[in-house]
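Note that subunit A is present in both complexes that follow, paired respectively with subunit B and with subunit C.
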Partner chain A sequence: MTLEARKVVKDFGGIRAVDSVSLQIPAGSITGLIGPNGSGKTTLFNLLTGFLPIDEGEIWYKGRRIDGLKPYQVVELGIIRTFQITRIFPKLTVLENMLIPTRENGLSHLVSSPRKDGRPKKAIQLLESIGLAAYRDEPAASLSYGQSKLLELALSFMVEAEIVLLDEPSSGINPSLQARINQWITEENRQGKEFFIIEHNMDVIMGLCHHIVVLHHGQKLAEGEPSVIQQNDQVLEAYLGE
Partner chain B sequence: MMIKGDDLLKPRILLAILPLVALLLFPLFVRDRYVLHVMIVIFVYITLVESWNLPGGYAGYISFGHVLFFGIGGYSTAMLLIFWKIPTIVTYLFAGVFSALVALVFGYISLRLKGPYFAIATLALATIGRYIFLNFDVFGGAEGLLLPISPWPPEFEKIPYYYGALGIATLTVFIIYGITKTRLGIGLMAIRENEEKAEGLGINTTKHKVIAFIFSAFFPGVIGGLFASYLEYVNPDSCFSILYSANILLMAILGGLGTVTGPIIGASVIVVASEVLSFTIGHQVRLVVFGFILVTLAIFLPGGLLSIREIGRTMKERGFVLGEREEIAAP
Partner chain C sequence: MASDVLSLKEVEASYQRGIKILRRISLDVSRKDIICLIGPNGAGKSTVLKSIMGLVNVEKGSITLKGEEIANTKANRIMRKGVSYVPQGRTVFPEMTVWENLRMGGFILKDKSRVEQRIEEVYELFPILRDYRNRKAYTLSGGEQQMLEMGRILILDPEYMLIDEPSLGLAPKIRKMIFEKVRALNQEKMIGILMVEQNAVQGLETADFGYVLDMGKIRFRGSGVELLEDRRVRQLYLGGGDAKKEPDQGIGLHDPNSYCKRRE
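And then the complex of A and B:
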């Protein structure tokens, strides 16, 4: 059993941002989450990863209820996310940034070196594959917006996560790099990682995802394979208006 | 601080050991009681600032009340020496442990506060601490407590405290340095840079902060104990004066926040400058000078004295030197 939301509700004041949404990420899949602006996609991510408390409903992962856990506890279980607006650590070097992600917080782990277990080597390999290896000793603040996006993505690959939630990984990234990121996601998926991706770029979503969930006004509008979603009248209406 | 490969490590260790040997030999050549006293005060402040720097400089949790742990250490040693007659050196350990326990309880409650709110909480705690010691008879009230007289002959009485303070300061520096090289250290820096993101990458931020806070209280407790037995008295003013907290902040900022060598430089410069300025322009005017230095530093050298090589760039950025301003890339 993988990540599952059961009738999750979130209110902001009088606005119901997420309205009784139930969904399940199919095992081994790349699942897309689409919907017009303000439809509750990022809020749903925040709920799934413990950044916001849910008001009603339940969230389950591998037969365990995980709503109410703190963000780091969710990561310890193997679920990691990226942010829509990149949040790297500007004054630390690119390599130091890469050494931060972790699934352990035990005392013996805390007093160990962040450089053991070949982590720097893994970090540099990842940086090489996104073309940032040359910047490894530069402060992350010196990266451009697109490069920061890439670093943000690479950070989520530094832990042996089971599910990766990506919030608009392709915004602000040029098409050739985009192709490389897609390739990267596909490869990681073949090796067993599941992905849940918020994306506005329909080419990316349709090309990458096996399964798509559509949100509209906080409610789940539709769910299914890309080809089915593309034909769905309700979805087209939500996106294009009447 | 940036880690740039481990090849820099060896000369660095040499750089640390040479001054240490010089300091060990120092009392053999200098017997002047005043000079030794100033050295002890420097060691005390190095311990305080280095400890403060772990949550303050590395994790960005600025404490305005760090004097509390110094004071708790002082009173712990005083009480233990007076009432239980435990060997002096053992009381220092207890002093550290008591301070650490207070830090554990206070840290667990208050470290969920951020930025200025945390700073105010620490200020409040230090004030509360001071009033507790001021108003309970068992602590001697405003007059404080007198400790047993030092058994050392007057001409040597500073020597054991000199080595004691040097030892504690050295231990503090090396342990804090060690911590900054662990996952805990890099986690603290991540918290400073972006706490929410750090938590999103799996860092148990509360645990990191509380551990850092416990360490940052332990060493001031130990050195507070030593300083109390050195002065042979404790009272609420000698132990809880807000001037200590202010000095810690000044030294940390002057030396360079979030660095291991910064506190050493900051403490040494400020203590020596304090003494020199007290002789020349007077004790009170000196504070005005320090205020001026702090404001100037904040503008021109936000990285402290350690970043002095970058002063040209900062001056340019602030528009004090004519020239091309560095373009800030638009996102």
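And then the complex of A and C:
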């Protein structure tokens, strides 16, 4: 068991956004998190990664309790995330953005002497494979919405992560790139990285994930293998609208 | 040319530093049409909408509305002429209520009694907005916020609506409903729709006509059905599964890096 939530609760004013959710990311898995808009998915990500404090419950990672840690401390443990609305540095170039993420604490790596660790090479390879290599020296602000989503996804692959939380990686992305992105995720997973993915694209979720958790009104509605979830009447009714 | 048309002819546009985004884009939207633009990330789809709204500099070509040249006109004046725009991503005023957001949609109208009347019409189209009229916009779910954005621009009673990715970030059930609303706006209110979509299949299914943009140019055009059935379009832009079996015929578009940079 790697990342685990135990009866986690989060209230916003009078609204209970996350209502006593318990879940475990199976070791070595790609796990999907689905549910209607407003069901608490992104809030749960914010709680798991220290971007929001939990009100009740506990969060554990590899036998250690991690609720209460700051986001950068969570990153040091190897838990990386992306955002639905991208958070890149608009005035830095695309390549500079790629070289910023690191698991190490502090910013010293940004000002150290020319790098010999292969990171720039890896960055350029990643940019090539999502069609952004030609933009490497352009300010990130010049990217379109979809391109900045792609950049942020690529950033998450620059870190020596143990588990990566992706918030809607395919939204705003042209379907022709999807196969390539799925391939990255599958390859990294084979090398031992775990993934926890919020996604509304059912082809992506059903094609990639070993395990799926469904949220509805802040509560866990269902959990299981893709084939089981696809046939769950409550899920169909609340989410897929079939 | 028929008079009641929003028409782009040979439009070329760029942002700063001479990076040309649009190259000789020509397309027409009538009030009977739903038109969908699809294409790779960075192809120029959003820029087409921005060029109509005067948000990006049109360097060559013309944009006419009912025969009148409107290229490089300020957005607020374009809106007064009957063209409204829903940008990409969530753009509601989060701390304002639903009702206040709708009122803001009529900001440029002098006659405020018309605003109230149109808000009632919006409530009829999107009943959930009436139920939530006193809730702050940030408490709405993604689908509800998208409805609020569409409702907000209806206050100006537009003849044409430009919508950038209406289905972005929406759950499947809500996505379906939003496309139905787009169709209703077209059929019941006679609003000509020009939309950008990355849910390309659903976008084309909703549209009467579609264009595929790539590297700032129109590469394919056709009815929604024609594009959905076109083997090259499926392979190159819709993530079609037959890409491996039938390599494309040397148009060279399958490598995303070949269509990035357009420095003139």
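Details
Here, the second predicted complex is superposed on the first by the 229 of 242 C-alpha atoms of A that agree within 3 Å, B and C clash if a C-alpha of one lies under 4 Å from a C-alpha of the other, contacts with A are read in each partner's own complex, and residues count from 1 in each chain.
Operating definition for what follows: a contact is a pair of C-beta atoms (placed from the backbone, for glycine too) under 8 Å apart; a residue touches a chain by one contact, two chains touch by 3 or more.
Please read all numbers here as calculations on a predicted model, not as lab measurements.
Looking at the shared chain after the overlay, A:80 reaches subunit B, while subunit C stays out of its contact range. By the document's definition of touching, neither partner reaches A:227: not subunit B, not subunit C. By the document's definition of touching, both partners, subunit B and subunit C, reach A:145.
In the superposition on chain A, contact of A:96 is made with subunit B only, not with subunit C.
In the superposition on chain A, contact of A:49 is made with subunit B only, not with subunit C. Once chain A of one complex is fitted onto chain A of the other, the partner contacts of A:175 are limited to subunit C, with no touch recorded for subunit B.
Subunit A uses residues 144-145, 172 to touch subunit B in one structure and subunit C in the other. Taken together, the subunit A residues at the contact with subunit C in this complex read 15, 34-38, 84-85, 128, 130-135, 142-147, 149-150, 168, 171-179, 200, 202, 238-241.
The residues of subunit C lying in touch with subunit A in their complex are 15, 19, 38-42, 46, 88-90, 139-144, 165, 168-177, 198, 200-201, 236-239, 243, 254-257, 259-261. Subunit A makes touch with subunit B in their complex at residues 49, 51, 70-72, 75-76, 80-81, 83, 87-93, 95-96, 99-105, 109-114, 137, 139, 144-145, 155, 159, 172.
Partner subunit A is touched in their complex by these residues of subunit B: 2-5, 181-184, 186-187, 189-190, 193-194, 196-205, 207-208, 211, 329, 331.
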